[in-house]
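I have a structure here, written as structure tokens, and I will follow up with some questions on it.
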């Protein structure tokens, strides 16, 4: 399936550009803008991980934030400096006490942990369909929340979990975003991705052509959970302190809004959704503080940004019911085409 | 042939599009009171689209539909049903989670004459005895042929002045196809006007007074059933579409 | 002259809004009083307000806006420790003095650093006062403990209460829990009723939204034991929702704003009413007010609006009279020593039951 | 207090909590039944009902007419939401409509905050509803508001059951839920059906909102979220879209919540929500169609 | 393949009763019967979509009862559905490829790493899909969404998809329903060609007697779940029970 020769060039260019932004931005832009860029990239990882099951496999999970939360806590527990651990988490089992992991291994472990969790949770849950799987995964989110609140030896309970080193920088997030995109793109546009979409379209027909419905759903769910866990770890090292309620319904609704708005059945759609929602809400947030324009003073109306955002969502849904991108990808004409399609084209030209 | 001069249904250069697809490209036809008109043609010729546009499910892009003197093009379906057009659609479209009884009751939901509804139901049982046996069964669990009979019966419950039928023989066993067409013949004798879409041309032309042959969205041929039966022009009209 | 900018991130929407809203009103009142009186160092002060939406991520974004774009010299904000911890690292890195009017976790300064100050007493202090009040004034030795496990404040307060109460010789007979947002406590109450040994009183570590309801359901079930709690009770809802059921309830808080309150409090209430059209909703309003005054006082003593100097001046604050009590920071301690008011309810009215400093305070 | 009395008291508690959940779930189920839409704004319609009642009561209107006005206000709000937000996306995919209803929630909640601030306000319940009954020498207690909730829930069961299965409009709603074009083809005015469904469901939300606020003692712009969540769960347990299922689901959920606290030690019962959901998930796996729907085999 | 004593009841209603059938290699067998006589139920039981109450199904000497559908398909039984069930959001080509992948599987890991195995298997699957689309005359439509196809093409695509799983036994449920007479005639040729090219055994359920009589070598007739007659088209046509239950006295 070799594509056309321009693709490696473009990929290289994108990588160079990303590296330039990652390393250059903090020197050029103010901390505020750096943070916005970072958050956009971070949320992209989370929304992409959600799109695998929700968009491509047709399992509308409301529980991914549970994986994000689990990933954040696992990575947090692993990477708090040893001397602080004693003070913050005195009742931690001793084998966790004597070491602390650097950022990268902690993140990978968090991802693996959530992936294993997803296998356990998904094995029964992925048998359900439609609304039932949504409710069941939402139940998973609630269970995670309750466990985080109650397992205070590990998580400090409802109290803020703090002391996680602030290591999430632009290069890290960009690198992980690259990995996520790479893996998901190859997965979604491969025979396996085709099985996922077949399962989404019609489970009965899918099993009639020999596709294991449970297997396809489970794999999508687990891979999504892995990247959610990674995203959770990045989040933990971005915020430094968080509590169980940081990873709860508000975050879930936010991520789903980004996903659906951008287009569930498209990877670039997920990115477009994140960028649009982030920039729009940042703009609105600065407008709602009130401003003076051409001598007219508009008073502060806190909460107005959410209202406007709500109306914008409704308008987009009315005019683009399948999200901004629908199921199309932004490829700029550079899609890797299958050998077959190329051959067919050549035949037509001949 | 019935004498009424003004047609009950008059369609004039109807055009319908789905995005870039021109499903109908200027179709004109008439259905007179008391008449059975067949609409035949190859797959994708636009037969179902014609019926859907008459009953308001699709909107015409241009052209006019007149029913009993009133222009109905582009009106919403419930209004059209109230004027007396009942449509038994492609794929039956029964309410699968409702019982046979409830499906029939909804078929009559535009009517207010309660006593007559009960009498009509009895008459339908004479036509389709199986429905009486399955009275309390959910429509979704009926077999294909049973569903087809229910779909027909549901449309008849509205006591329509014009009945639109989309492939009533689809998926029905031969014996039952006979029975259904016998029932349709009985309805014809009772004076029900019908516009019938059917793949089984032989049966269709037996029942119908006249027929139109559609080919890729326009009328390729029309005439009385007798004329069409005896010529091979129908086959030719079809073949034109097959290439 | 150019205004001196003080950052004010506030959770005006989301779950924290009912506390941060009144607090902002109080803060604005203080700022306008100061500006009417000529400002600080000859310059007016300006509160740069952003809505941080009760969301940790937004808080960190807002922090960078305040520090980087608005170049504020100090920051005031939040009624809960979660939010303070969320903003903490950035504030500490930028070395900007930060005062939280409402968060009461005494651990905050040690968790974040020396730029963080509390304007209110610590939970360990109020819990100790509550425990000693129960032991000494109510003569109650045995306790039933009900904890809201959905919030940091309520869990922490319970822990501090237990250690102070047990230190003073009291005994916890039974513990039970619920979660913020619950509306029915009948199951817990029936369990309490079925206890073999009756406790002398109930300590309920709760927030304003629930406590009125808990009291109502307790009394409806025929339980008349006194109920003790912390400053989470401090809102008109206690009496409005609880009604008669609120009688024989005691809570520790920052200031007594009811009938017979000190002149300072009365003056504040009137000014607040004039500015917003309503009575102060809860003690967070005067806390917001006091905190702005505290910051202004430190800026004045620093001599110039320079963050490092303001921090040092702040740490040296001593005997600053506020609506919610007198603020003094002991050297090296960023939690003020303030006296705690114990307020009781009788015949549907609040009264000052005690005003005390505790004899034993649990470690933060 | 004997063990028996203790159990009776907990059953009383479970029934009254369950009734409240059921009442919310029924409204949610009606809308789902006809539109296949999880109406997240249902909780906010409850909020509208409760706030209308509080405001009118504060302006001097007695409680009962204020409550009636609250119900009407909620119905009106539901009507407007359908007209403005849901109708344009009626044919869109499920998730699109889900997001639309989330957006409506967003708007209503923040509008509430702008107008009324997010501070909770007291809900002025007439004293008579607060009165409690003592049985068995005070060992078993329940209040008038509990009784009212239970009674209203039962009445609504009967009324709605009759409406959905016996009237043409009710039948039409079920038909439209399944196949909207086909419903139009038999002459059902689908727009009217949906409006009726929203009016009925929102009026229910209004009643439930008032009762919920009465139980909670306070009203707040964000008050709709918890009941919505509970009702969503209850409705799914029962079989989404089925009225009887929603009721049953409400009671099951209420009983689970109460019994876990009542009969398990507090160190375990603090995991209440986790236990409830574990049971639910286990249950969904055994009966994927909900309580009331038999496991019907697929028909191909 | 053969079945014995196969019985299925839906809450009291016996849809299939004591059904037995024995198929020879490479034959074309017709199953006919009035509506509701249990034909689709028979297909559902064989392909594992529902479980029989009693009876045995043996495929190439082994029992396949209780196996999951995907397992049965991989053993070599493929089917089409009454009224088509395509993957509407996939292209025509992808519909076939989704099935062709069964014999040339690539896992997620291969997909991400694009191993050598990935390439060869994908190429094989694509070759199969290409051949089938060509056979069915769908090559020109390869890039269109399945949902946009005319009905006749959809039915052919469904057959192509079933064939892509490389079955030994192909079950066709009413393949001619909704086709016009020209297409039905073409279908007769197509079914024969499929048998000859791929060497599969074919079972056709159909109400179109012309098609059944033309294509089938043997026919089994069901009525209310029971087999009333098995035989050559000629025998069946002249059987009085069949005339009464099914064909009518036309």
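A, B, C, D and E label the chains in the order they appear, each numbered from 1.
The working rule: a residue touches a chain if its C-beta (ideal position, glycine included) is under 8 Å from a C-beta of that chain, and two chains touch if they have at least 3 such contacts.
Chain by chain, the UniProt names read as follows: A, D = Branched-chain amino acid ABC transporter permease; B, E = ABC transporter ATP-binding protein.
Since this is a predicted model, take the numbers as computed values, not measurements.
S.K.: Give me the set of chains touching chain D intersected with the set touching chain E.
M.R.: Both chain D and chain E are touched by A, B, going by the contact rule given at the top.
S.K.: Shortest hop count from chain C to chain D along touching chains?
M.R.: 1
S.K.: Given the two chain pairs B-D and A-C, which is bridged by the higher number of C-beta pairs in contact?
M.R.: Top pair by contacting C-beta pairs is A-C.
S.K.: Can you work out the whole-Å distance between the CA centroids of chain A and chain B?
M.R.: 51
S.K.: Using mean CA coordinates as chain centres, what's the gap between chain B and chain C in Å?
M.R.: Chain centroid spacing, chain B to chain C, equals 75 Å.
S.K.: Quick check: how many Å separate the C-alpha centres of chain A and chain D?
M.R.: Computed from C-alpha means, the inter-chain centre distance equals 32 Å.
S.K.: Using mean C-alpha positions as chain centres, tell me how far chain A is from chain E in Å, no decimals.
M.R.: 42
S.K.: Give me the residue numbers in chain D that touch at least two other chains, ranges are fine.
M.R.: 110, 113, 270, 272-273, 298, 300
S.K.: Two or more other chains in contact with one residue: find those residues in chain C.
M.R.: Chain C, residues with two or more chain partners: 12-13, 15, 149, 179.
S.K.: If you look at chain A, which of its residues touch at least two other chains?
M.R.: Where chain A meets two or more other chains at a single residue, that happens at 149-150, 204, 302-303, 306.
S.K.: Show which residues of chain E lie in contact with chain B when the two form their complex.
M.R.: Residue positions touching the partner: 10, 32-37, 82-83, 150-152, 174, 177-183, 207, 209, 245-248, 250.
S.K.: Across the complex, what residues on chain A touch chain C?
M.R.: Residue list for chain A touching chain C: 30-32, 34-36, 39, 149-150, 157-160, 162-163, 166, 238-243, 245-246, 250, 282, 285, 288-289, 300, 302-303, 305-306.
S.K.: Mind pulling up the chain A residues that touch chain D in the complex?
M.R.: So the residues of chain A touching chain D come out as 54, 60, 124-125, 127-129, 131-132, 135-136, 139-140, 142-143, 145-147, 149-150, 204, 249, 253, 256-257, 260-261, 264, 301-304, 306-307, 309-311, 313-314, 317-318, 321-323.
S.K.: Along chain C, where are the residues that touch chain D in the complex?
M.R.: Of all residues in chain C, those touching chain D are 12-13, 15, 17-18, 21-22, 149, 174-177, 179, 181, 183-184, 186-188, 190-191, 193-194, 208-209, 212-213, 216, 220-222, 236-237, 240-241, 243, 281.
S.K.: Write out the stretch or stretches of chain E touching chain A in their complex.
M.R.: 47, 49, 68-70, 73-74, 78-79, 81, 85-90, 93-94, 97-99, 101-102, 105-108, 111-112, 114, 118-119, 121-123, 125-126, 129-130, 139, 142-143, 161-162, 164-165
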